[in-house]
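Sharing a structure below in structure tokens format, with a few things to ask.
Naming follows writing order (A, B, C and D), and every chain is counted from residue 1.
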Amino acid sequence: MNLNVNIQENNNETVVFLDGEVDVYTASILKEKLNPLAEGTNQSIVVDLAKVNYIDSTGLGVFIGVLKAVDKKGSNLKISGANPRVKRLFEITGLNEVMDVEEDQRKEV
Amino acid sequence: MNLNVNIQENNNETVVFLDGEVDVYTASILKEKLNPLAEGTNQSIVVDLAKVNYIDSTGLGVFIGVLKAVDKKGSNLKISGANPRVKRLFEITGLNEVMDVEEDQRKEV
Amino acid sequence: MAQTSDLIDLKMPAKPEYVGVVRLTISGIANRIGYSYDDIEDIKIAVAEACTNVVSHAYDETVQDPVMTITCGVFEDKLEITVADHGGDIDVNSFKKGKGPVKMDRPIEELKEGGLGLFLIETLMDKVEIYGDSGVMIVMTKFLQRGEVGQNDNGISTQHPKQ
Amino acid sequence: MAQTSDLIDLKMPAKPEYVGVVRLTISGIANRIGYSYDDIEDIKIAVAEACTNVVSHAYDETVQDPVMTITCGVFEDKLEITVADHGGDIDVNSFKKGKGPVKMDRPIEELKEGGLGLFLIETLMDKVEIYGDSGVMIVMTKFLQRGEVGQNDNGISTQHPKQ
């Protein structure tokens, strides 16, 4: 029921590894960690959801917020590694149309 | 929250593999499966708890019942593979003194 | 489970840290009844969205002990979950404005960060009713398909064999 | 969580299939508060034992809708969990007979299959009170040791660092 956020900065790509659940409780933790990253210009930010087993509209809202912020700065946001359940939420809500949600390697079960 | 019971009969040893939780709900399933085994004479019954992550007094009570039944028939009951948490319950209740509870290979965390 | 109707009642502080506890309880109940993994996930999200709304919108800061109540009716063929608050009289018709998926024909800067909760609830559950009186009460139903296919007309729930 | 006292209320049918649901809810709450893995397991077992007793002993078959209520008080330094039923007036002093671990000086045929529940509750929790009035009410307390060692005088809970 918790969320761990692990940030790895490479040259001009920042990968944010999330581990746990993104909900109304953990979203504030996530926002705090992502907001400073969104400040930079011409950045490439990848959020890795491989270890996220739960996300709901609060979590999706955080990503919309980040998308708006990075868009202003000419930066780029990409969602990667989402499992089929999590990915499905991006699809249902139409978020995958405005956001770069990476195709998943794993097969649908 | 469920319990799977898988019985493997070798020559004169029957191994019962449990997978799940043993509580007031699943204990009746367990009893149904174990009772016929306890009918035989000079049997050796091993209950493997390696995949049991929860047990309480209802589960322990089932094993006491089986122990009494096999004891009458000259059979033998052995508990194997219990994780430290589960094993601890056998110890607290003194059941490990009257029942053959196998030493665990795994280290206490 | 042979009974036609069991009732489970849960009352919690309307605080973010308890929404996950509600999810656990609900997933335990749905698991017991025999819903598929996917259905359990749908139910969890819908209930969490309703609770999140209580936490975020129902009470103003002056309320001393904000509470959310979750009632779960277990029937032969369905689960009926009610999430309610005592946030006071409210016009639930206003909720419907702007509900729906993200509109992709708009520029990114106009995207809204909220407004997806009720949309998800209605998408993931089979039947949803919202009442407002002394607070908001949202009644969500998910039907149980015992090994059958169909019955789900929103075209979203995948049809897996039930365990 | 900074608040001094939160109250969670759970009401369920007193049926075997719901005891696991109670365990899930309780472990969620204990996890949120920051109990160690071992403490969470202790609390789960104790609460399940109390619920199992309600399911097994509180009501006779004629009772239409047997209910168990679980109340959980979340304090700064402890969790106080009450399990209650409405099984009618009862003498709780009689419960204490024969409570305790298995007696190994007796022949196997004299072993009792029951009677370990209350013993486990008292062993795994820090403080236990039992009341009987319109039913049995058992109040169980587990203290929270935030990174500290000690406070636990039954010598059973291992002292892990809290996450």
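Please note the rule applied: contacts are C-beta pairs under 8 Å (C-beta built on N, C-alpha and C of every residue); 3 or more make two chains touch, one makes a residue touch a chain.
Being a predicted model, the structure only gives us computed values, none of them experimental.
Colleague: If you check the contacts of chain A and chain D, which chains show up for both?
Modeller: The common neighbours are C.
Colleague: Let me spell it out: compute each chain's centre from its C-alpha atoms, then which one is farthest from chain C's centre?
Modeller: Of all the other chains, the one whose centre lies farthest from chain C is B.
Colleague: Tell me which of B-D and B-C has more C-beta pairs in contact.
Modeller: B-D
Colleague: Centre to centre, by mean C-alpha position, how many angstrom separate chain C and chain D?
Modeller: For chain C versus chain D, the centre distance works out to 30 Å.
Colleague: Please compute the C-alpha centroid of chain A, do the same for chain C, then give the distance between them in whole Å.
Modeller: 23
Colleague: Counting only Cα atoms for the centres, state how far chain B is from chain C in Å.
Modeller: One centre to the other, that is 40 Å.
Colleague: Going by the contact rule already set, what residues in chain C reach two or more other chains?
Modeller: Answer for chain C, listing residues that touch two or more other chains: 17, 20-21, 23-24, 28, 32.
Colleague: On chain B, where are the residues touching two or more other chains?
Modeller: Within chain B, residues 1 contact more than one other chain.
Colleague: Line, ring, star, complete or other: which describes how these chains touch one another?
Modeller: other
Colleague: Go through the chains and record each pair that touches.
Modeller: The list of touching pairs comes to A-C, A-D, B-C, B-D, C-D.
Colleague: Using the touch rule from the top, collect the residues of chain C that touch chain B in their complex.
Modeller: 28, 31-32
Colleague: Spell out the residues on chain D that touch chain C in their complex, using ranges where they run on.
Modeller: Residue positions touching the partner: 1, 3, 6-13, 15, 17-18, 20-21, 23-25, 27-29, 32.
Colleague: Which residues of chain B touch chain D once you look at their complex with the stated criterion?
Modeller: 1, 21, 23-25, 28, 54, 56-58, 60-62, 64-65, 67-68, 71-72, 85, 88-89, 92-95, 97-98
Colleague: Please name which positions on chain C make contact with chain A in the complex.
Modeller: 16-17, 19-21, 23-24, 38, 41, 44-45, 48-49, 51-52, 55-56, 101-104, 108-109, 111-114, 116-117, 119-120, 123, 156
Colleague: So in the complex, the part of chain B that touches chain C is made up of which residues?
Modeller: 1
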